[in-house]
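Which chain is which? They are A, B, C and D, in the order written, and residues in each are numbered from 1.
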Amino acid sequence: MTGSALIVIDMINRYEHPDAELLLPSARQAVPRIQHLLERARRGGTPVIYVNDNFGQWRSHHGEILETALDGPHADLVKPLLPDEDSLFVLKARHSIFFETPLSYLLGQLDVDHLIMCGQATEQCVLYSALDAHIRHLDVTVVRDAVAHLHRDLAEAALRMMEVNMSACIRSADAEDLPV
Amino acid sequence: MTGSALIVIDMINRYEHPDAELLLPSARQAVPRIQHLLERARRGGTPVIYVNDNFGQWRSHHGEILETALDGPHADLVKPLLPDEDSLFVLKARHSIFFETPLSYLLGQLDVDHLIMCGQATEQCVLYSALDAHIRHLDVTVVRDAVAHLHRDLAEAALRMMEVNMSACIRSADAEDLPV
Amino acid sequence: MTGSALIVIDMINRYEHPDAELLLPSARQAVPRIQHLLERARRGGTPVIYVNDNFGQWRSHHGEILETALDGPHADLVKPLLPDEDSLFVLKARHSIFFETPLSYLLGQLDVDHLIMCGQATEQCVLYSALDAHIRHLDVTVVRDAVAHLHRDLAEAALRMMEVNMSACIRSADAEDLPV
Amino acid sequence: MTGSALIVIDMINRYEHPDAELLLPSARQAVPRIQHLLERARRGGTPVIYVNDNFGQWRSHHGEILETALDGPHADLVKPLLPDEDSLFVLKARHSIFFETPLSYLLGQLDVDHLIMCGQATEQCVLYSALDAHIRHLDVTVVRDAVAHLHRDLAEAALRMMEVNMSACIRSADAEDLPV
């Protein structure tokens, strides 16, 4: 029997990249919903997988990334979303959660064929990741109020593209049928 | 200007998998040569990249993997080869160092186009990694006395395949022209 | 010295898939501009690469695909765009022009690092292909009046995503600086 | 229900590459066995997929490749193995039958999870293809007297590597349990 996993994209972040100012207001709204999703998933035993850009050196050491993010000016957006003992953690290069990462392999080991995506940014990594999941015949749900964007109009277009062209379900964080 | 990197394959290991007994005698011989290569690379400023199978949970935490290996019955084969502060670390799923890993991306960032490979097993991961490097138009040197095998005859055939069919250079750990 | 290639996406088509009615009006407008690009490219010696979904059997026989398309109800949209003797032809499975195709290899052989994209659909295969080109460090120009869409608003969002997030140039088919 | 396919690797060939002289004696022995496998597969309704290096221009036109091969000095090795109306045909860049080809996609469509491999060369493309099939969780049978090599000793090592390290079955062309 296959199941679902909660995928948290790029939320371990210092918010200091060039576009961060555009992202921050939306991230502030998404964080409590992601926190809520994390609580639901942990209570229900749904696997939680953080997939995150690396920053700093490539030492595949998520502790280092956490510290760097908690040391940054927006630690308040990171603290509520920290991985716990059971969280899985995958480093990505950039862009999609699948591009040059072991995520496919890990999903196979966990027997997961449905990804519940939250994180940022809606019209970039979330969109690219939904496409790569669709190509790999995985089901995708995007939690529309638990994803953060830089540009509202592009984010809305991205959500429609995921729904119409990639067969994704678009749900809110408090939807009762969310399998998390 | 592009350069070389020393690639250490699967040496952070508990040697408890089914075939470990076959591998151990050869690993014992390879370890001091890998240690020597590590010293040369660190002295000379050549980047060192550990690429290693994960064991245990996927938490992209090389500290965990190190502890697990140092806790095992063959810690003496792991201790001389520990990563230092500057070592890079990439987790692989299994098989090739490139298969579903960010190694390509990391090599691009480091401007590395020549891989000096050591580690194990010659006729498995080392062979598959040399093939994947060759397909990606990277140059490969295999350090023949710093790789460990399960079966001597297959290892010798693998070294010839790498030399004849994948244009790899085969050198010994004390070769003066080794760019490490 | 590296150069450009004109990429013609999915224009060898019977226009009989479920969404074809949405695509046809836009395709009718794009066809003469693509024809114009083909003429410019052929006069100027720019390589032309058709990348097209397969339909029917997998026999890697573009003749078969051409015949099937010319046999369809919309042959008038295919005839002006036929490959000539020098055209290259790559079959794709679906989605991106790079996903499980030899296009990367072919571009390497041609020493091409800049793709001038036209074809369909803007908010689907063109968008996904621009992303995959960007990930592979290739430059992309999208010819905005030589691409066809199903939904105008999604197509406009897709063009902005390509420009803002994937560093693509957006040009019209008669732009003088188009390197075709 | 899933099934098997017969995979014919690189047998549409002019045998004019630098190493062809080494390959020819072994190819001459393999051709009648491959012909026998083709007959069994066609009689039994097993899908037959030719996967072949391209030579000449990239026009994804297997007709061109057939003509070029039939025009060469070793047409007698190609004629007995020609594709028929039902044969599928996939062009590869070089090396593995999976590397930048749509073969995975095609196997998914055919619901095939077991590859029966014949062709050449045992210690190169056949070995690399068996590895890539194993990584993709496909079952592999290699028909040991229907594959051709350049070097006998490397071919024998390659067959053992496939059997021991990649879980391949090694069978002869007249084995009764060959699911072809």
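In this text, a contact is a pair of C-beta atoms (placed from the backbone, for glycine too) under 8 Å apart; a residue touches a chain by one contact, two chains touch by 3 or more.
Labels paired with UniProt names: A, B, C, D = Isochorismatase.
Computed from a prediction, not measured in an experiment: that's the story for all the values here.
Asker: Among the remaining chains, which ones contact both chain B (Isochorismatase) and chain D (Isochorismatase)?
Answerer: none
Asker: Which chain's mean C-alpha position is the greatest distance from chain A (Isochorismatase)'s?
Answerer: Relative to chain A (Isochorismatase), the chain whose C-alpha centre sits farthest away is D.
Asker: I'd like the Å distance between the centres of chain A (Isochorismatase) and chain C (Isochorismatase), where a centre is the mean of that chain's Cα atoms.
Answerer: Roughly 32 Å separates the two chain centres.
Asker: What's the distance between the Cα centroids of chain B (Isochorismatase) and chain C (Isochorismatase), rounded to whole Å?
Answerer: The computed centroid separation for chain B (Isochorismatase) versus chain C (Isochorismatase) comes out at 42 Å.
Asker: Counting only residues that touch at least two other chains, what does the list for chain B (Isochorismatase) look like?
Answerer: none
Asker: Name the touching chain pairs, please: which are they?
Answerer: The complete list of chain pairs in contact reads A-B, A-C, B-D, C-D.
Asker: Going by the contact rule at the top, pick out the chain B (Isochorismatase) residues touching chain D (Isochorismatase) in the complex.
Answerer: 95-96, 99, 123-124, 127-128, 131, 135, 151, 153-154, 157-158, 160-161, 164-165
Asker: Over in the complex, which chain A (Isochorismatase) residues touch chain B (Isochorismatase)? Could you list them?
Answerer: Where chain A (Isochorismatase) meets chain B (Isochorismatase), its residues are 54, 57-63, 83, 87-94, 100-106.
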